[in-house]
Amino acid sequence: MKFNNRNIFISPNATIGANVKIGDNTVIYDNVEIGDDSIICNDCVLGEPSNSYYHDENYINPKTKIGTNSLIRSHSIIYAGSQFGNNFSCGHRVTIRENVIAGKNLSVGTLSDIQGYVIFGNYCRLHSNVHIGQQSTIGNFVFIYPYVVFTNDPHPPSNICKGPTIGDYTQIAVHSIILPMVVIGQNCLIGANSTVNKDFGDQLVIVGSPAKAVCSIKNIKSQEKEGKSHYPWMYNFDRGMPWEGIGYQNWKFQDDIKH
Amino acid sequence: MKFNNRNIFISPNATIGANVKIGDNTVIYDNVEIGDDSIICNDCVLGEPSNSYYHDENYINPKTKIGTNSLIRSHSIIYAGSQFGNNFSCGHRVTIRENVIAGKNLSVGTLSDIQGYVIFGNYCRLHSNVHIGQQSTIGNFVFIYPYVVFTNDPHPPSNICKGPTIGDYTQIAVHSIILPMVVIGQNCLIGANSTVNKDFGDQLVIVGSPAKAVCSIKNIKSQEKEGKSHYPWMYNFDRGMPWEGIGYQNWKFQDDIKH
Amino acid sequence: MKFNNRNIFISPNATIGANVKIGDNTVIYDNVEIGDDSIICNDCVLGEPSNSYYHDENYINPKTKIGTNSLIRSHSIIYAGSQFGNNFSCGHRVTIRENVIAGKNLSVGTLSDIQGYVIFGNYCRLHSNVHIGQQSTIGNFVFIYPYVVFTNDPHPPSNICKGPTIGDYTQIAVHSIILPMVVIGQNCLIGANSTVNKDFGDQLVIVGSPAKAVCSIKNIKSQEKEGKSHYPWMYNFDRGMPWEGIGYQNWKFQDDIKH
């Protein structure tokens, strides 16, 4: 079915790893490097040149690096000048602009729009239709749900561009807005439809517009294990996580002794 | 103009009805069945295989059925394994994943994202950019407006996946969020920017974050007919509805005596 | 890299200006006119026919006019029957339906969805993922940020279709909703996540759900120039504006004496 080598354009200056599948109508521009065993589906553009290409005859496409075992679904556009760790996974119609540095196992959902100049830790997950403004910094194991927006201009329009900083393990629920320069701690839960306009520490449930800390995450009871807290979630959820099957505590212990 | 048979790929295992038009650059994979008189515009993917295709050599694409007289606009992606009744209509860049069962006359707007495992009744309308999480159940004549999100995980991330259930004729205005497992009755109006976190009965106006029932829908005066209620809306709106030209009451009566 | 003339379709009835670049897989239908020095990237559709094309044998595609020096990024769809002034700029996957009349220097961000029958003044900027309903009127130098929705039906579904009217220089922050028929004055700032359900005058900061005027824009202090107001923003921001480098006051003076 898929991968018929129809209407594909691959620059001679791209580097394609072993066992990579490339879908029909996909375009791969100069200086893109794709790791082994990756799948690039149809109608994608990898290494999209920046604006200056259109006007500068001496334009050289910056390097783009996609780790091994990645899966980029159809109609996604990734600009030149970013790097993604191994096991990068990407939904349909994703747009990722230049200067993104992402750890391993980043997952970006359908229609998400990453505006460039963003740092992601490892194992972050963006669900569908997340918008990350420039100059944002996102820790490890941060999950962001649909229609969340990270902003970076406190008084639009101004010349300030500085996005939020999010700590490890924090979860940001649907339709929330994180305002510029806001710093959120580790292991927080930001509730649906919140507008977060100031900094918060660790392990807090943050809700409302403007958002307030209403309690510790430990107050939220699990609906799966009676009488237990659901958060910190790492003790109750492991799908796709490095502690899958062994438990967070064991993994953390192994991880600690390695360092 | 359109439909020049350029760069089209149709699987020999697809079944294309009579008088079907297919746009340039469109791909139709195995076991897709398209009803008579349908129009599939350019750059679409129908029968997109699920993840397991990439790793399972024995993968068989599940059946996809699109009813007669359907119109699928350009750049839309419909995964294998769903079925849509007759007169299915779909905007641009729609994404619909597997295991959707839809009645007749479903209309899905541009950029909407249906995550799969969803049941729709007849004559539902999703406007642009609606996000429906898995395991949602939507009645008949339910209209959903832009940027509405149906969620399915009460404590993200968890292993629970159970979306909302929406009764017939209910209208859900822009930017509202329906939280997991919420059950909404028939003929409700959910106001713009609401966050609905509990169940509600029939014929209610539901607004706010968290949402509350503020009055009966009958309290909302029509801006078209002085002194009358606008809701239930079926008495005041018929465009594209089966009661168009004959009135809801007459249609309902005919419909009742047929059953 | 780009612009290899692969799989392009241009109607013989389209008019392409001098020095226009057209990307691979792009389609340009009847009666589209593209101004000199424009760049149309790959996978675009310009002059997309309206619904009646599918059923009317005598259909004639209405005229579409794109001004000189425009840049339309990949995967965008522009319906037949709109006109855009010079220096039109458009992100990826934009959808613009029929009967849009736009002044010069309109910028429309990635994923934005303009439903048609909209009037824009000069130098408007829509950021990513803005949704503009039909029958909206937008002044000059209006900037609209991600996930803002303009609605046009006060009691959905009804037969009323009348969008908002926005005055010059007004800024509308992320995730705000402007309800039907609302009229907003000049130089307002609508805060993030607001739901605006009534009219407002000039120079107001408008926030909340439902939105209220909380103060004059002059009360907002600049974070760049100590002790000064940031708004009216034209005195503090000039990137891409006609007063770039000369200051708003000088430009305004020149502009005034010309008229």
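We call the chains A, B and C, going by the order they appear; numbering starts again at 1 in every chain.
Rule of thumb we're sticking to: a contact is a pair of C-beta atoms (placed from the backbone, for glycine too) under 8 Å apart; a residue touches a chain by one contact, two chains touch by 3 or more.
The structure presented is a predicted model; accordingly, all values stated were derived computationally and were not measured.
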Legend entry - For chain A placed onto chain C, the superposition rotation in degrees, Cα atoms, nearest 5: 120
Legend entry - Numbering shared by both copies at the chain C-chain B contact, with half separating same from different: different
Inset, instruction - Using mean C-alpha positions as chain centres, tell me how far chain B is from chain C in Å, no decimals. - result: 28
Legend entry - Residues of chain B whose C-beta touches two or more other chains: 7, 25, 43, 75, 93, 111, 129, 147, 175, 193, 209
Legend entry - Contacting residues of chain C [partner chain B, same complex]: 7, 9, 11, 25, 27, 29-30, 43, 45, 48-49, 51, 53-54, 61, 75, 77, 93, 95, 111, 113, 115, 129, 131, 147, 149, 151, 154-160, 175, 177, 179, 193, 195, 209
Legend entry - Residues of chain B touching chain C in the complex: 1-2, 4, 6-7, 21, 24-25, 39, 42-43, 71, 74-75, 92-93, 110-111, 128-129, 143, 145-147, 171, 173-175, 189, 192-193, 209, 220, 222-224, 230-231, 233, 236-237, 239
